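In what comes next, chain A is part of two complexes: it sits with chain B in the first one and with chain C in the second one.
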Partner chain A sequence: MSPGPILLLAAAATLSAIVAGPRSARAWLALMLTGTVAGLAAALVVLGGSVDWEWRSDFALGGEDVHLRLDGVSALFLVLLCVVGGAATVYAQDYWSEKQYPQSAPRGRAWWGGLLLSMTWVLLCANGLHFLIGWELFTVCAFFLIRRDDRRPAVRAASWLYLAASHAGTVFLFAFFNALAVRRGSWDLDAMRDQAELAPLFWLALAGFGIKAGMFPLHFWLPAAHANAPSHVSAILSGVAIKMGIYGLVRFSGLLPVPAAAGWVVIGLGAVSALLGIAFALVQNDYKRLLAYCSVENIGIILIGLGGALLAASQNDAPWGRLALAGAFLHVWNHGVSKALLFLGAGSVLHATGTREMSRLGGLWQRMPWTTGLFAVGAIAVAALPPLNGFISEWLVYLGLFEAASTRTIAAWAAIPAIILLAVSGALALASFTKVIGIIFLGAPRTAAASRAHECGRMMRGPMLVLGGLCAALGLLPLLFWPAIARAVGSWRPGWADAPAPVALGQLSAAQVLLGVAGVAAAAWLWRKARGGSARRGLTWDCGYATLAARMQYTGGSLAGVAAGWFDWALQPELRQRRPRGQFPASAFRRERIPETVLEKILGPVSAAIRQLAAVARRLQHGRLQFYLLYVVIGLAALGLLVWLEGRP
Partner chain B sequence: MWLPQLVVRLALWLLLAPLLPGLINRVKAWVAGRRGPPVGQLYYDLAKLWRKEVVWSTLASPAFIVGPAVAWVAVVGAALLLPLGPAGAEWSFRGDVLLLLYLLALARFATAWAALETGSAFEGMGAAREVSYAVLAEAALITAVVSLSLQTSSVSLTTMLAPTAGAGAVLLAAGLFTVLLAENCRVPFDDPNTHLELTMVHEVMILDHSGPPLAVILHGAAVKLLLFSVLLVQAVVPLDQFSRGVAVAVLAGGVLSVTLGVGLVESFLARLAFRRVPLLLTTAFLLCLFALLVAWKGGVQ
Partner chain C sequence: MSGTLNVLIGLAMGLNLVALGSSRLPALIQAMSLQGVLLGVMPLLLEEEGFNWRVAVVAAATVIGKGIVIPNLLRRATRAANIERESDPFLGFVPSLLLGAGGTIAAVALARALPLLPEHAGTLLVPGAIASILTGFILLIGRVKAISQVCGYLILENGIYLFGLLLIHSTPLLVESGILLDVTVGVFVIGIIVDRIQRAFDSLDTRRLTTLRE
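And now, the complex of A and B:
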């Protein structure tokens, strides 16, 4: 079956959802689900087959024919968009309900449909002009979704920062597409690998798409936006929207020739993003901010894979590039699914307790067993621990890099540091998620709000179960998904098509399944042996001190403190404290704040300097006509002088 | 055919592992001129704990008991991936070394999780140290793996561990031995004998465990120690150059000398101050890095 009619159905359903959304939540839910399921079906048809879908209109839109194309790469991203979009749509019904937000919820539904539709448009467009229009629409829809709760100043600030950063990125993209159109004489985006003079344009694309992807150091807008948005919006922003930046990079590094240094730069940026992203994540106290920084890390991992592929492509199509790119593509899915799951889990914690501060939570597992379990699944997946999905994609990236290292060519000098940084960031991710789970869900509740928490409803739990199940399926049965990944790899670089699954991937997945079964069996056995259900309970041992208080538990700050100290040069923590003094200390406090270094230490001073310069320039404009006439005279004189000087023999 | 092999191999790992801590204690006793506990002390302890009743914290979730089981499975799974000299590995595939590293990470995650269950500040402290020092240990370990992989152009443990580490063997041995001490919480990183909660890493994480779960944790720790010793010996000694019998003897002798080394270190060194620990681990990382450079150079000639 051709994807065309299915896509038409998806578009029609989503468009009607946008129209009907503000009035009826139920109709919106049904239409959005129809749209996402249809979109998913179309993407799967393309990924499962071997033919790309292409359509060209006989009418013009803005002076250009509409040219849509669904190939392996765009179908890969469309699958993620539809899965996460569908899950978050169901979740939003309860999470951002009409009852709680009578004004914000109905309009939010319309923007939500707009966001999904415009992202699909971006994925399908094969025309530069229409791509830009879709890109802009998607940015604006996301802006209005981020500020759903715009009574809070933090939300407004975060949304403006997002809009400004996105537009800075769009400026680069305008330059990129315009330069492309001017040099080629057409807005059409077809393969143009043989036009070597287009290669330098890659840097414009890297800057423009890099801001959207949130790679270090262009990530400065991301933590605030993802933390302050409603959680279902955070899920789609972190799970899908930042992947649109990756999509742009993948798409145009596949279509266009790239400069020789591209692979090196992308792999370097990826390694830096991975390490510093997770270092920033480790020290956050706001769990949604922590998840957002963790997305920077994972974008880094994807970039390492993509950079490896670019490097391999420039070295006579070295075979390890396929592994690295397959790992990057699979990580797009894996991170999308697991991070959406984590943000939905974070949403139900926020819904239940009303706070984003980890230091005010604790012991939630008792009241929220489902959320705890599903959050743990997401954490294990995103920390790349076996037997879940994150490990599979990182393993593929590692395998590519190891092969690159053993070639002992110049590529090894990029691969070896990347391997080491990947391993270090993996260990830091483990530390971060130990902290999140330990502080939020385990131990005793630290505040009354935490002790009154309640489990989320079925409409919120269902989508999380689906995403959790996908994490398990992607981890245990990767061979099932391999053809789709191989198809996307083939779309990126035709010479790499039809890569068979590495034999080791099958063996790895068998090992993962066995380990999973053994783990469950051993846990059940030990539980029975220990008579877990009926065993005697006692107080936690604290050196014989029997009146433990919840505030005496270890804090997130101390849990992260040891490793965070090694990154002070990047984190620049701001410490304010008064130490207890004397025999009977009256008052003492300690406040530590981790600034967003790039934003506050670099962009802040720079923009302040620009404002100062502007203030100086403003003195020229004061409304006195005589002086304006004088400016004109001076200007004319200067022009005359210039002409006279040029005209001299 | 594979089933009896698996059973024998599993039995070997599970039954021999508790011997190592006993041997280390014998060495320490011998150096100190004490009589010391019998070599099989850990076996008695495990048997006793396995029969005991469990008491667990009122705050803990079921993961308090599930965690040790998962950690144990992860460590044993990692052990099965490790080749045993001429006998090869139970599973061997391209990239199995990464599964081994990440299984050890999974074990760490499960142990730290179970520690945080109790809400005790002490156990939080232990978990914080465990996951933080692992960052540096992981860097050293992956560097060692890269250097072995460079030498053999392979990412499979069976091929990587067969030949000698070449000229860099001494560097690699020193680096891996330090990582072994850190990962298994031995002196100078941690003192398995101390009973002061403030100064411990591993022991403080399991303060609240009792009965069978504690037995599983202790046994898992012993398997992990054996795993690191076997890894270290095979990374350094070219076992493929000996006949079967000699190779097995060399492997056993190597593990014994590693054990002896741990015992001697524990007898003659004091535990490091915690702020010094990163320095020592960074040194281990640098040693492995130099081994990597030597391996790179070795291949060019």
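And now, the complex of A and C:
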């Protein structure tokens, strides 16, 4: 069946959801689910088949024919959008309910429909002008979703920062699409790999889409926005919206020729994003902010894969490029699904305890077993541990890089450092998620809020179960998903179509299943033992203190302390402390804060300087007519001088 | 013919200096109106092929407008506002006089350096025009009373008019009469505004208008 009618159904359902959303939550849920399922079906039809869907309108919209195209690459991203979008739609019903937010929930439902629809539009558009319109709509919808809880100043600040950063990115995209349209004489986005003079435009696309993707150092808006948004919004922002930046890069590096240095730069940016993203994640105390920084790391991993593919493409289509690109594509899915799961889990914790500070939580596993289990699944997936999905995609990227390293060409110089940085960031990711799980879910509750926590309802648990199941399926049965990935790789570069699955992937899949079974068995055994009552319960090590309190447990800061110390040059921690003095110290404190280095140390001073300059310029406008006239005279004289100097032989 | 023209332009340049040096508003208006009359006569002198009635009409209109109507409007405004003198200007009278004189010399020197047509090179038209524009600007910048600024504006316009005379053979004087019409309307408006400012603020000092910015 052709995807056209299914997509039409999806669009109609989502549009009616936007209209009906503010009035009826049930109708909205039904319509949104219809829309996402239909969109998913259309994408799967394209990914499963071998024909792209293309449609061109007879009428013009804004002077241009509507030109839609669903090929392997856009279908890949559309699948992720529909899966995460559908799951988060169900989740939102309970999480951001009418009861709790009578004002914010109804409008949020309309914006939610708008966000999903505009992102789909961006994925389908094959016309630069319409792409930009969709891109702006998507940005605006996301802005209003981030500030759902706009009574809190931090939320308002985060949403404005997001909007400003997004618009800075859009400026680059305007320049990009305009330059493209001017040089080609058409806004249509068709393959133009043979027009070598278009190659420098790649840098504009990299800047514009890079801001949206949140790659280091353009990630400065991301942690605040993703941490302050409602959790279902964070899930779609981190899981899907930043992937739209990746989609833009993939799409236009596939359609356009790229400069020779593109692969190197993308790998470099990816490696830096991966390493510093996870270094910042490691030291966060706000668990949603930690997850947001972890997204920066994963964007880095995807970029390493994409950069490897670009590098391979520039080196006579070296075969290892396919592996790297397949790894990147699979990681788009894997990170999207597992990060959405983690944010939904984080939302469940936030819903139950009302705090985002890890140091106020602890011991939640007894009160929230489902959330704990599902969060652990997400953490294992995102930390790229076998047997779940993150491992598979990172393994593919590694495989590509190792093959590149063994070619003894110049590409090895990019691959070897990338492998090392990827390995270091993988280890740090493991440390970060050990910290999250250990501090939030294990141990004893540190505050009353944590001890009063309750498990989330079915409407919140269901979507998490679906996402967790997908993590497992992607991890255990990668061969099942390989054709879809290979199809997307073929869409990106026609010469790379029909790449066979690496032989090792089958063996790996068997090992994953074995490991999975062993892991589940071990977990079940531990669970029974812990619940059985044979274990003695109490607070751990008392170290000679007379009154032992839960607050004295090991903290997240100390857990991450050693590793964080290696990154002091980037993190620039601000420490304020008063040490205890004397035999009977009256008071003491120690406060460590990790600044948003890029925002506070670079962008802050720069924008302050611009404001000062503007204030100086403002003084020129004092309202005295006489001086205004003097400006005119000076201007005239300068103009005359210029003309005179130009006229001189 | 060119000799008479040069004498008239020289007189107009002298009147510029009178306008710059006088602190009394009636004297300033008088200098400006005289300059307007001199300028109005000039097109007749420039006509070489006998009498042209269109030029004559424009000349008459200029003399009446610049020499009689506008000055009378300004005199009425002065009387209504009840001010006689320009007290404490931004730029003192002696400095503005020196600036004006320097400007006039510079204008003559500049005109020598400009690549002019041979038929214009002998006249004082270009230096006169530049000097008048400069004088207009000095008055506009240096004075604080709204009426002095109107005078500065008119002298500036006189300079533009002198430039326009250069093109008398190629451009019809209709353009110039259009400018003149604009100026007359402008002066009407300013006259009304001056009246309003006087009533609202009890002063014509434009320095007090700074709070109106934005």
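One rule holds for everything that comes next: the second predicted complex is superposed on the first by the 619 of 649 C-alpha atoms of A that agree within 3 Å, B and C clash if a C-alpha of one lies under 4 Å from a C-alpha of the other, contacts with A are read in each partner's own complex, and residues count from 1 in each chain.
Just so we're on the same page, a contact is a pair of C-beta atoms (placed from the backbone, for glycine too) under 8 Å apart; a residue touches a chain by one contact, two chains touch by 3 or more.
Computed from a predicted structure; not experimentally measured.
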First (chain B), second (chain C), both or neither touched by A:G623: second
Partner chain in contact with A:F343 - chain B first, chain C second, else both or neither: neither
Touching partner for A:V633 - first (chain B), second (chain C), both, neither: second
Chain B versus chain C as contact partner of A:F375, first or second or both or neither: neither
Which partner, chain B or chain C, touches more chain A residues: B
Touched partner set for A:V424, first chain B, second chain C, both or neither: first
Chain B versus chain C as contact partner of A:W395, first or second or both or neither: first
First, second, both or neither for A:W496, with chain B first and chain C second: neither
Residues of chain A that lie at the interface with chain B and also at the interface with chain C: none
Chain C contact footprint on chain A (complex, rising order): 621-627, 629-630, 632-633
Residue ranges of chain A touching chain B (in the complex, touch as defined): 362-363, 365-366, 372, 380, 383-386, 391, 395, 398-399, 402-403, 405-406, 408, 412, 416, 419-420, 423-424, 426-428, 430-431, 433-434, 437-439, 442-444, 502-504, 507-508, 511, 514-515, 518-519, 522-523, 525-527, 529-532, 535-543, 548, 550, 552-555, 558-563, 566
For the chain B and chain A complex, residues of the former touching the latter: 50, 53-59, 61-63, 65-66, 68-70, 72-74, 77, 81, 91, 93-96, 98-99, 101-103, 105-106, 108-109, 112-113, 116-125, 127-129, 131-135, 138-139, 141-143, 146, 149-150, 153-155, 197, 207-208, 211-213, 216, 278, 292, 296, 299-300
Residue numbers on chain C that touch chain A, as the complex places them: 90, 137, 140-144, 149, 206-207, 209-214
